[in-house]
Amino acid sequence: MKFNWLEFTVGCFLAAGIAAAVILALKVAGLTMTGGSADYYTVYGNFSNIGSLKVRSPIKLGGVVVGSVAAIRIDPRTLRPVVTMKIDRTYNELGSDTTFSVLTSGLLGEQYLGIKPDFASMDDDGNPSYLKDGDTTNFTESAIVLEELLGKFLYSLSSGKDSAQ
Amino acid sequence: MIQPQDSLIRIENVTFSRGFRKIYDNVSMHIPRGRITAVLGPSGTGKTTLLRLIGGQLKPDSGDILYDGISVPSLSRSKLYELRRKMSMLFQSGALFTGMSVFDNVAFPLREHTELPEELIRTLVLMKLETVGLRGAASLMPSELSGGMARRAALARAVALDPELIMYDEPLTGQDPITMAVLLKLIKELNTTLGITSVVVSHDVSEVLSIADWVYLVSGGRVLAQGTPDQLREEKHPDVHQFVHGLPDGAVPFHYPAGSYLEDLRQCH
Amino acid sequence: MPLSLIQSLGRRGVSFFTALGRALLMLLHSLVGKPNFRRHFPIFVEQLYATGVQSVMIIIVSGLFIGMVLGLQGYNVLVQFKAEASLGPLVSLSILRELGPVVAALLFAGRAGSALTAEIGLMKATEQLSSLEMMAVDPLRRVISPRFWAGFVSLPLLTFMFSLVGIFGGKMVGVDWLGIDEGTFWTGTQAAVEFYQDIVQGMVKSVLFAFIVCWVALFNGYSCLPTAAGISRATTDTVVHSSLLVLGFDFVLTALMFN
């Protein structure tokens, strides 16, 4: 077949457009090729207050993103939020007593889940125990709500004054 | 005299108006098969409109146009396209496709409508181009052609599929005498050698009368006169006489209708 | 006076709906029907070149500059709140959701849309469309349809390129010049950008915009007065109408999708 400059450039154009879409998906949206649940394991966390945590908020371990919030719902019995967390399988040796806390990046930044690992988690037989897929944890710290914080502060201020009198 | 059953196209009592202006008012014409029919008339009388009516690009308000017995206005879109394969039209500007060479332009209808192999198409195209004397210009682009050459190339394209009917829309307008002679010769030759029915719409009276077999003179939405060229030259009707002999004033006044000249001038002061 | 006002309003209304009807018919006749791939595919490729390949340069250059400006402006604001880390999400979300589809469509209307109108208008003025009809070749199928599909395919691809180059332009300014950590930039971006929410819906927008721009451009060309003045008028109309429609539909789509 004869080389056709026009067809060649059109081919390049199509390839470049599709490549751009793929790079956007991989690099910008952070979509992984294998995708799906295989690379993640799910842990449910019972919180008392999640603040402004959202679906897709990052889960960080020492500042490194290791997973994300997959779903947030209210447990109908306890009326407390349950956060479904997807954590990268690479980090599957988190002690079962690991604490998840709702933290804020910077003063005005987005909220995320911080992991404080626990290295002394043991099961009943004294073997180290780790969080597994489908586990539910109660080791959580809720979000700090500014109004509650201010309320406590004012209360402590006034009670401090009372005691001084 | 030409018998009605020899007619390829019969225009029966056609009325056509554009906006509020009546272009044709109850007009009937018969185009004889295998002959050159000239439709003459002053500019602006809708001669091109007539060709578009025959080609089905426009639909008449009333009346019928029969092509070989088939009513053109009542055809469906697909049937109309089928019918158009039998006719072809030479446009005033030539209407060559600007993005293609002369060769590709002439090959266009062959490639669109036939499944012929490329070598055969090449032979056919070169034959058609040879007929119009442009074989040497096959590789030129339309923008490189003179007006007369463009029309000849367009003519080659128009006959590429060997149509039954060719409609020429003002083929002679704006051409130098040599080109005019060439085009007239080509129209005549195509008619005599291939037996193609030809309709020539024009206002170049003397040139067209020299090749036509039958002439219609159209003006003001009506057929003023019809007959052989000789009959028309002898016609005594003042309108016909003025047009055929090209007189500046007569039944069609030199002046556009206006009020009194003196009155207009007086108002300037 | 009010009577004539109402009358002229009515006349405009009637002519608007007549034009809309004719535009719909044009689209219908050109897109519906058995496609002839062998004949029409080469024309489609040719038109991909004219609308797509020839628009790549303007799209990439504008994308780069828009991304860089966003990076610079965003940084200046965010740094006041010590939130430079959010530059990635800012640049990529605004480009993926809005600027990419919209600006690419506007540029496409100016570059390819006006060219399409002028080309079709010129074909009409020089009787090429009529001559196709008389050659028993439907100009809607032969001329309009491949151009429509080519534009329809081109714009979403151009939008991807625009977005990608824009985000990298923002990254270049933020990371390479202003010193934000590259890891922070990308993790922030990846956490904020979601594939379906942002990329796919941005693409949905650009597909609709492609439809609008191509339709407007082709109809304006196809229905223009076959004179020099008519073509120049139609070309201007294409850019104005399609830009307004793109911006209007952008609002509608945003309201529908992101809420």
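Structure notes:
The first chain written gets the first letter, and so on, giving A, B and C; residue counts start at 1 in each chain.
Everything that follows uses one rule, which is that a contact is a pair of C-beta atoms (placed from the backbone, for glycine too) under 8 Å apart; a residue touches a chain by one contact, two chains touch by 3 or more.
Being a predicted model, the structure only gives us computed values, none of them experimental.
The chains that touch subunit A as well as subunit B are C. A simple rule picks the central chain: find each chain's mean C-alpha point, then take the one closest to the mean of all protein C-alpha atoms, which gives C. Taking the CA centroid of subunit A as reference, the farthest chain centroid is that of B. Here B-C and A-C were compared by C-beta pairs in contact; the pair with more is A-C. One finds 78 Å separating the Cα centroids of subunit A and subunit B. Centre-to-centre spacing of subunit B and subunit C amounts to 42 Å, using the average Cα coordinate of each chain. Distance between chain centres (mean CA atoms), subunit A to subunit C: 37 Å. The touching residues of subunit B, counted against subunit C in their complex, run 52, 55, 57, 77, 81-85, 87-89, 91-93, 95-98, 108-109, 112-113, 154.
Per the touch definition, subunit C reaches subunit B in the complex via residues 29, 39, 122-123, 126-128, 130-131, 133-138, 142.
Chain contact summary for the complex, subunit C toward subunit A: residues 45-46, 48-49, 52-53, 56, 81-83, 85-86, 92, 96, 154, 156-158, 160-161, 163-164, 167, 186-187, 189-191, 193-195, 198-199, 203.
Those residues of subunit A lying in contact with subunit C across their complex are 6-7, 9-10, 12-14, 16-18, 20-21, 23-25, 27-31, 56-58, 65, 68, 105-110.
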